[in-house]
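Okay, got some structures for you below.
One chain, chain A, links the two complexes that follow: it is found with chain B in the first and with chain C in the second.
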Partner chain A sequence: MSAGPEAWAGRRLGAGPGGDDEPGAAFRVVGKALPRVDGVQKVTGATIYADDIELPGMLACVLLRSPHPHARIRSVDATAARSLPGVTAVLTSEDLPIRFGPLPISQDEEVLASAKVRYVGDPVAAVAARDEPTARAACKLIEVDYEVLATVGSIEEALEVPVDEPIHGDTEIGNIHRFVALEFGDVDEGFALADHVREDVLFYEGSNHLAMEEHSATAVFAGDQLTLWSSTQAPHNVHRVLSKVLELPMGHVRVVATPHGGGFGGKVDPFAHEVAVAKLAMVTGRPVKCTLTREEVFYNHRGRHPVLMWVRTGATRDGKITAMHFRTALDGGAYASLGVATTHYTGALQTATYAIPAYRFEGARVFTNKATCGPKRGHGVPQPRFGLEIHLDKLADDLAIDPVVLRQQNFVKPYTRTVNGLRITSSGLEEVTEKVVAASAFRRRPRPVGHGQGFAVSAYLCGAGFPMYLNRMPHSEVNLKVDRGGVTVFCGATDIGQGSDTVLATLVAEELGLARGDVRVVTADTGLTPVDLGSYSSRVTFMAGNAAIDAARKMRAILVDAVASRGGQPGAAVRVGDGGIGEVSFEEAVALAEEARGTISTSGSYAPPKGISGRFRGSGVGPSPAFTFTAAVVDLDADPLTGEVRVNKVFVAHDIGRILNPVLVRGQVDGSVYMALGEALMEEQSYRKGLHHHPSVLEYKTPLALDMPAIETILVETIDPEGPYGAKEVGQGPMLPVVPAVVSAIHDALGVWIDEVPVTPDKVLRALDQRAKGGEGRVGPRRFPDIPYPPCTKVSPDAATASL
Partner chain B sequence: MLRLPVFSYLRPGSPVEATQMLADHGGRAKLVAGGTDLLPKMKRRQLAPEVLVAIGHLDALRQLEVSPSGAATLGAGTTLSQALRHPALREQQPGYLEAVRVVSTPALRNAGTVGGNLCVDTRCNYYDMTEEWRSAIGFCRKAGGEVCRVAASSPRCWAVSSSDTAPMAIALGATALLAGPDGMREVPVASLYADDGAAYLALAATEVLTALRLPASEGWRSAYQKLRRRASMDFPVASAAVALHLDGPVVDGCRIVLGAVASHPLEVPSAADLLVGGELDDDAIDRAATEAARLAKPLDNTDLSFPWRKRMVKVIVERAVRQAAGRA
Partner chain C sequence: MSPPGSSRVVRLSVNGEPRETIVAENETLLEVLRERLRLTGTKHGCELGECGACTVLVDGDQKLSCLLLATEVEGAAIVTVEGLASGPDLHPLQDAFMELGASQCGYCTAGMLMSAKALLDENDEPTEGEIRDALSGNVCRCTGYASIVDAVGVAAARLRGER
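Right after this comes the complex of A and B.
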């Protein structure tokens, strides 16, 4: 199926400011390398982060956390803690009996555990005291009587019959949290058509987000209004949870997301400490703050799921994929979090880069007694992307086809539908591939032992097509206030460091013909700003950006109209730009409009269009109004004597749609490369008997600035018909191909396959040893466990594309 | 945030006064120089001395002298960065500085001192953790408990000697100057250490290390090889310091000292002896490196796997020997 861009979108290709006809009409602010609007404050230390908040009379909150991975709570006695001088209040589970969670279908978390604890770090009590040392001392006085239960420590253990009892009481089979089983097209027939079929088993270890800023929240309860400042990525989620658990109307709760020292998905979920400080503020009548330690951040987690993968692909002799069967098993940790979505994501985007005619996906998420996994940059996609790309490298080897050519032959074409119903629009997949291969001289690379290059591609969403809770409201809303006081954009979007405030200011300035500094941005305050669903799934530039353009265009029309009617000209003759509207200055135009209409404010909103997904159960995860495409080549040296890997350079070509600000875009690519190298070579959220190995930033290894290789970023503009001025995303996509490209480059350098990340020096040596002894030269999981997946729901091609 | 426990901070006017203060407070006081090792450990409540006796400010400990022959005396309070910038030291003691250069990060080298690095605490993955973490698993021997988490049946602690400069100083034949209540003494650097992860220093509790003395090179060549996950910051998980003296093609002196594979810097004379008296051919180097690796007994208490670390000792000794030999 293929149709031109026009058939796919309401907006004209390349529409410039004001929706001008000319494609790419001259931009004045968009595309310029301007510094971020909050940059100076951040580098001079002026920014007030959540933990910088100090209020008169403020109390410090510390959570008492479980030292056991799995235990029943027989009793909690806080008497001694309550009578410690300086302690104002101690909460236990009776004070907060209502459960919560980020998704309506997984409300399985308690603020404070009542009957059992499920991981080391599960909160049991919350203390408010005059200062942190007193609160910590009080925690030591709380007596918790635990009955220790057997620990479930791995995917394999979670698949066994529980020794004592399942971690959660409501699972159908043992510790299996969730299944997904879907089949698109006739997979058996697809395999029958294949000349060659290959199977691989791979593993991707879990990792923490490691945002520089630890989570922190401060609450005030005054009158009957609760205000919470928190380093959250999704104030809307926290708002809903506070209202539910504290039984306060939404209108009595205000959540303000403070400037961030990084999120990466680790601050999307609502957390126990956020609810605890709110409740403590209500109970004590004093402001209450809780700032987590680094160790607690590792326990809060919601990071990358460890995923075990099995993939089977059939292909013709000349490398055309005929069918694919992909299985995943996710180690979810103790609670659900967004794990249902994660599970779907481990199967959803394989088809976004390769035209797979028949596709079967079976996924299972299990509960274990470890910190809860959730969304981390790429949310459920980096793991299968790693598995898929390594698998295709091997398939190319089997068929003696160049790995780039094998992929190119199967590339998804722009403006098509995938077999699982994803609507693909603009795509620079061909172009990013050509550019990255050329820039890295991949085809002409030298091949001495120890030096290698690896290549991979990927696709990612520009915002989830559906909200976390079912509703038909906009995904992002913007109010624009223009008057004698200036121009202010109000939007619920949260700048977590990715630069979304800068993007909003850029887009509004562009539409109104102003300099970017003329636009004030107020964001992420549920009491002041209209709703935005949050900073996740690379949705903010796309969705809040479109909402901002919508509001700004309406404002522009009002101003143009005011100026035109005064001069008796047609609106079309009024030029907007350089700080003026037609013949008059912007300020004068505003005065004219205010005279004519009173207060002027406009609003805009964005919801993804209908018809971007198929119609089947589970079709809600994966679709997006647009996709980005990335290709990467990693160049490295691997030491055959030590197994150590040194990355020399990473080449990333990314289809950005349109560059709104090259500084921000490159920053996101750099950050993505950093994160990918960490996951490929070092990071391990790993445990020994349920206890995190190393919840410390010195022992948990991640690359530092001085470890970073050179990065060459190549940006390809495809001007997406749905995106704000054609822009797409860059927050997550560019990290995806880097991980498999590292592993592929190690194979190129030394001839061994490390089918699991992180690749450590001893794994490389083990593989080399094995090969020296005549073995296959591979380190990775031996087998994929037997998982009692339910029968696949068969989705016919018609249903997959039903909503077209 | 992890916060420091409450403590008193004393600023003596001289090293002798520092030793007096240590004596006055018995076991409740600890010296602090740059604090880059001690303070993080206090935040994690691995140590909670009631009194800190500061020595970083003492001019008497900041001298840095290089004699015309090349012998050098570095005051214990000299920062690692000061040592790295010193022109005569760079000229005369490149081997020592090679080890200094790979200590930690630039920021930590600006604060960390020559003496602090020699006295840096031993490390263990079960010990260098917060109090909460250690209480979840139960306190180990080094923290006053009854068991070792690494070698459960062992009566001692196996925490790892993690100083980069100590193996090198020993290989170079350096000595340490100590001030105590009874005056000064000068000892070989090797004798600063005890083979015990818990009580790793052989100094008296009242003694202050005042200076490190590096002999003139007199034709000795040296090299330092360090393994770690991140070249930007990490402690060694295995290292090798080699000093060689050649008479024409024949080795007539050799010292090999391993770091981070035992609770003290591990000198391996039986490996060095395999090189002395012969030419430096591949065979000899291989035999010496193999012997060094045989003697290394790393346990599973640092980053990266311990079988890998043991095996790597051979590689790094071999590389250090070749590197040293190649230097003028």
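Right after this comes the complex of A and C.
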């Protein structure tokens, strides 16, 4: 069912400055190719990152980590370490008995392990010493008596029952952490209506974020106030965890997110080292810093979940999908992290691009003795998107339908509800598809052996519709201070390099008619700035952006009113812009307002509108106030002799809502394509018997400058009715279609299907060899394991679309 | 050779300033720059010579400061990212990086700039391939390298007096 934007929009902000709804509203700052607000500091080396902090009397903290993937701790003896000269304190589990985790339902982590270690790298003790070498020497003196347990190393091993020694006690069954089982519409009936049914099994390997900056945190405890500086993407999460584990009131804890050396999801979770330095600062009365080594970052991980997938789709002869059944099995590693959300995400967004009338999703996340998986760019969505798009290519082949046409026939229309209750509003899905197909000449491509093109589409969130912990407060809050000292925006949002500080300054400058340089930004400091939930799920532009516009519009009204009252004219007659309010300069307007009202500050906030999801258990993961849509074509050469793949060009068309700053947008699209190519062709966080294969930058292969192809980006502005001036996200969506498009292009080039990523040359050669011997020419998982999913919760169409 | 852990005085020229500092025999140039001289613009991403974040110029050559002992570069002229600009005037590479968005999180930027500077000092009209080759030891996870390669090309053109 389709209705107009009016029937669907939540709080409409108006697409232009001051709430002006003119389609052609003139912007002064928005849309301009201005450098980022912190540009000079970043190119001169002046930016102070977490590990650049040096405080008088500071101690260095090193964590002693488990060398075993799975072991019982019989005892920990730190006597010798404590008496080493230069050592100030050693903490073990009894100093920090309270568990934590990023979600209320996942409080399964200890700062320092008490009874058991569950992966190589699990922290056991924390040392504070005068310098790092002394702290490392002290770690070597700590005697831990381990009883080594059997390692659970894969999804298959984790599914084995009975289990002698489950990794965790509180699970669904054995080592199965969490099940999701949902059914929307009548799936059996849908399959009965199909002329053709196809099944595929696919696998997506895990990968690390490999942010260039290793995690680092520094704590100071003075009086009864704790301050922590950390390279975190979500200072609010860390704030809550410190308060809980250290039993300090929230008001006695301040968390400052330092300028970020890259996040990509790897710094969303609260970490043991952050709590350890805080406790050590409390114990020693001195500043304490902990900076992880690169190897430790690989163990800290929280990266992409390896996901095994099975998908079954029914379609009519002419390519209309009648039903889909999607199963996933996620290798979660040692702890829960955000894995419950990840599991839901592996099933939630298939319906955001294709109108699937009946849909069943069964997901299971298992615990293994490996570094914990969590959120990485695209959080749980790249894996099923890869599986779905490859599956649809094969379905199109079966039905002898053009793969683009097959998809177009099933596209979700704008302003509709999906069968699983997602509210879809603005959508450029049709347009991005047409444009990317035209730009890449996909339909007219020459098809010599070894050259191929692949096509895929995707959808992504503009922020999670629900917070990580249940509450009805805003997701983002902004305070705006305007006085004779200037204009300052305060917001908890965290700039992780994506440019969110720049977005905040841009929006406020636009509303107040100022140059962007006239707006100062203070962010990500829980002691100074109001709450923003963090930089994850591509939420900051949409949510913090709307909060900033809300605050700025209130400020604009105050200034207009002050000028209008003085001149005895109606406010509507007062023009804002070019550094002036009506007839007076901005500074004079501020003085008038201050004279009339005293201190002038305004606040803005944003919460997603109600009714963007269905009403059923599990409906909290997937909904978003808006979705972006992306289409990609990858053009490549694949060498049948060596199996090597050379990507020539990637065409990406992305529905961005509105471009707020083309420089930042380009950065996000290029970076997304880059990360997708890494995951499609090289990156793997893989293990042998619980040991990481290659925890180093050299051996963990990523694309370098010489590997990157040309990228042609096409941006489609759909002007979302609820986005800040119509803007939507760009940080994650453009990554999603690129991975399947690579695999599809390899099939186009060589006629073999590699149903698992990364596609390394050996897999290509194996598939070619197999085909030469009369086989099917496919490399990928053979079967999907038997998983004891519980019966599906059947969600009626009414419940799926009922507003909360 | 002195025993490990023993210290001595090392003289360096850093960004044109003579510096004299006590260093341990096993201390790397990276550690001395960051921790002794407090020039934290130079970054570490691995301390194993694998990521390029710590790239500096040593007597004009592109070097990984995490793989050099400070005692090995006694008397050398070191240039770090802090030495690129002339007072408030940014180097054309810095300007171009900023304008084109070649620095996102900014953590690889110092190393990228120094690798690019070493290239342009030798080759004032590099091809795109030569730029990519010169930067192939510097890992960046944000940009996909595209805007960085463009920025180096733009800076080279400006240094030649074009554009």
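Note that in this section the second predicted complex is superposed on the first by the 792 of 804 C-alpha atoms of A that agree within 3 Å, B and C clash if a C-alpha of one lies under 4 Å from a C-alpha of the other, contacts with A are read in each partner's own complex, and residues count from 1 in each chain.
As a working rule, a residue touches a chain if its C-beta (ideal position, glycine included) is under 8 Å from a C-beta of that chain, and two chains touch if they have at least 3 such contacts.
Note that this is a predicted model, so its numbers are computed, not measured.
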item: Which superposed partner A:Glu214 touches (first chain B, second chain C, both, neither); value: both
item: Partner chain(s) touched by A:Thr293 [first = chain B, second = chain C, both, neither]; value: both
item: Touched partner set for A:Leu765, first chain B, second chain C, both or neither; value: first
item: First, second, both or neither for A:Ala562, with chain B first and chain C second; value: neither
item: Chain B versus chain C as contact partner of A:Arg36, first or second or both or neither; value: second
item: Partner touching more residues of chain A, whether chain B or chain C; value: C
item: Touching partner for A:Ile424 - first (chain B), second (chain C), both, neither; value: neither
item: Touched partner set for A:Met682, first chain B, second chain C, both or neither; value: first
item: First, second, both or neither for A:Leu706, with chain B first and chain C second; value: both
item: Which superposed partner A:Leu246 touches (first chain B, second chain C, both, neither); value: neither
item: Residues of chain A that lie at the interface with chain B and also at the interface with chain C; value: 51, 214, 293-294, 696, 698, 703-706
item: Complex contact set, residues of chain C against chain A; value: 34-35, 38-48, 50-51, 53, 80-82, 84-85, 90, 94-95, 97-101, 103-110, 113, 131-133, 135-149
item: Chain A residues touching chain B - in the complex, by the definition given at the top; value: 51, 65, 67-68, 120, 132-133, 214, 291, 293-295, 641-644, 682, 691-696, 698-699, 701, 703-707, 760-762, 765
item: Residue ranges of chain B in contact with chain A within the complex; value: 1-3, 105, 125, 128-130, 132-133, 135-137, 227, 229-234, 303-305, 307-308, 311-312, 315
item: Residue ranges of chain A in contact with chain C within the complex; value: 35-36, 38-49, 51-52, 54, 209-214, 259-264, 293-294, 496-499, 663-664, 666-667, 670-671, 673-675, 696-698, 702-706, 708, 711
